[in-house]
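What follows is a single structure, and I will ask about it in a moment.
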């Protein structure tokens, strides 16, 4: 039941939001060769719900989760919420406490464990900046949520 | 006052805990060439306080913060706590809710903003696994805390 | 000062939101024969404040709390907030994290302890579904708050 | 994908901890006739970890989750944690804030949705008393956690 | 139902922990002339439960709450917990996150509202220092909890 | 590195919001004689962001923090957030959970430690009332946040 060192979906999801350009493209190839699915995007928001919606929409469009199957939406939703804890560090609030984020997000789905029976898991990574609603008054932030699916 | 794209201390701290071997060594060289200080280590714990202590001790030993100067300890402490929010996602508790972590940690200190007056900031990154106190019943987790120092 | 087994206001409040039709009617009779007051209703919302308002309004209309007496409003308010912790499980937020609820609520007021001097207490129970703002993408949820009044 | 009114695992789990004697036995029969699995028990604790351990052990012993399969342990663990939010209402802490609980717990596993593809879900219900570590200085408390499995 | 400007129990409780020597003595006289009861003390702790216990014990010894009457213990307990939120600012934890406090505490009980029917309320104030378990690595902290009793 | 008894910025900030008229004026004189900077104001709000904005604006206008320097805005922001934990005691929410505040706020900046190298720290104090959005249905509340700057 151990994690397979070469199949760490969390690490792949994090690298997807940390890397850019060619490095990111090479990573996507590698992720897909492992039989994993992945997608990524960007979202700027003062509303946490906008982030949730952006990730859900992108995930459905790229077939990361099956539209209309609640158990998959439910798994993704909780992974997103857990990633938001890392980004917000205390209260899952943005505009309500006068701050905003500019985030890259990624979702990776696949089988990270040695044992076949562990099945698919999903990882949601967020990386970007958080700060006052004034350009430049911001610092970096990250979050990762992982769930069985 | 904008973040300097090539001086993102959070990204460097995250890569320090995500990369291994030669890739990590090259990264350390690059970090030090920028005039940043960094250190890293590993800690396994069911007590959050053991994580806090390990990071503080390593940071002092490598001169990331000045021993005996409270404002620097205070800055580091809050960066650690914020990183723990990402790792624990809800309640900053491990053994109390029957879970344990095996974490790599890193600390990077330096000047990430274009404007000189913004001075030094500190980033604490955590990456590893969290799960039941049974080998293998675990998944990945990450956290990042950033503070002015 | 022990709880009287037959006068558990929390259990009555929970059964009021779990039972329907004749079973609920019989329960109401039994609650009133004990000298307790009770009321119940339904509320669908993406705003937590709408839930608070619905329960407060219904409670005042049915004389569960005395309008204009702050100590009674204060007791009820905290019982509602505690019930919302059970429903939301982490952050007391609904629409802000893109979820909605459909809830039955009940309030029971009376003397649950053997000792007369313990006086009246109030119980607020919530039961229903929580999920995405899409019909069917939801699961059950419950909450109970109890306070001295 | 809608919830099947007669297959609400959360309501069954709650009734399992609210009912006693013959009523509880009849309920167990009904739950099992639906093809659901269930188990229940009691735990008194000042440590939240003791509650988690008691529910996990009982669930494994009764075959509610498959021992050694992490995805099932993970699903159960998060359902337990969510139920504890309802019980503790704010901070998932007991002895640390000088309070103790005496809880009945139940776990129900089965298919609650009309659509076959939604598969099994798991519900954890907690009901009992919470209060000072002095007999009688306590009031009722409840919690419910639900997860896909 | 308005607060009576001269009978603000929260302000009195705060001043009791902020003032010292003669100023504190004069304040106690004034509090008692209003018909309020008050008590105060000091507690140093890495365990939140030790703080709760110290305040409860002192309150009972000075007759602020009636021993053995749960509704009074319950009111005091929640006022203490609310004050601890202010002191800990995020997670109600001390030693678990490697920090310690040295606190003065006070409890004031009386009728703060113009309307007689609002009855007695209780205020718990905490003021002191919080920081690393090293002398001097600490800053000030405060908390106030208020409840109807 | 110890706190200087006569230079406790938290206590000064708290007294600034607790005292009125001549007493407050005398205190301001004393604060300024110590070489500290201070400012204060009032804000009524159902939105936490309005409180954050009011304190930031007043602080900048009175030169407590340097406009455009992010490290100073960051220090102040976290001090405000910590003060809000004391005011809200659980969830940093006001209107969202149907409550409102009327607060006096103060900010004090200066060197509170014996050791010169500890430099400037900033204290944010809040005191006022919190309650239902109905005149009079409210009780007192306080919060204090302290940060290195």
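Chains: A, B, C, D, E and F, in written order; residue numbering restarts at 1 for each.
Just so it is clear, a residue touches a chain if its C-beta (ideal position, glycine included) is under 8 Å from a C-beta of that chain, and two chains touch if they have at least 3 such contacts.
The shown structure was predicted, so the numbers you read here are calculated from the model rather than taken from an experiment.
J.: Please report the minimal path length, in steps, between chain A and chain F on the chain touch graph.
T.: 1
J.: Farthest from chain F by Cα centre, which chain is it? Let me know.
T.: D
J.: From the options C-E, B-F or A-C, choose the one that repeats interface A-F, i.e. more than half of its residue-numbered contact pairs are shared.
T.: Matching pair: A-C.
J.: Taking each chain's centre as the mean of its CA atoms, which one is most distant from chain B?
T.: Looking at centroid distances, C is the chain farthest away.
J.: Starting from the mean Cα coordinates of chain D and chain F, work out the distance between those two points in Å.
T.: 44
J.: List the centre-to-centre spacing of chain C and chain F in whole Å, with centres computed as mean CA coordinates.
T.: Once rounded, the distance between the two centres reads 36 Å.
J.: Quick check: how many Å separate the C-alpha centres of chain A and chain B?
T.: Here the centre of chain B sits 20 Å away from the centre of chain A.
J.: By residue number and range, which residues of chain C touch two or more other chains?
T.: 1, 70, 74, 90-91, 93, 96, 113, 121, 136-139
J.: Please list, in label order, each pair of chains that touches.
T.: Pairs of chains that touch one another: A-B, A-C, A-D, A-F, B-D, B-E, B-F, C-D, C-E, C-F, D-E, E-F.
J.: Taking the complex as given, what residues does chain E use to touch chain D?
T.: 47-49, 52-53, 56, 70, 73-74, 77, 81, 84, 91-93, 96
J.: What residues on chain C touch chain A, complex-wise?
T.: Counting only chain C, the residues touching chain A are 90-91, 93, 95-99, 131-132, 136-139.
J.: Going by the contact rule set out above, which residues of chain F touch chain E in the complex?
T.: Interface residues on chain F, with respect to chain E: 1-3, 8-11, 14-15, 18, 82, 85-90, 112-113, 121, 123, 125, 127, 129, 135-146.
J.: Enumerate the contact residues on chain C facing chain E in the complex.
T.: 1, 68-71, 74-75, 78, 113, 115, 117-119, 121, 147-148
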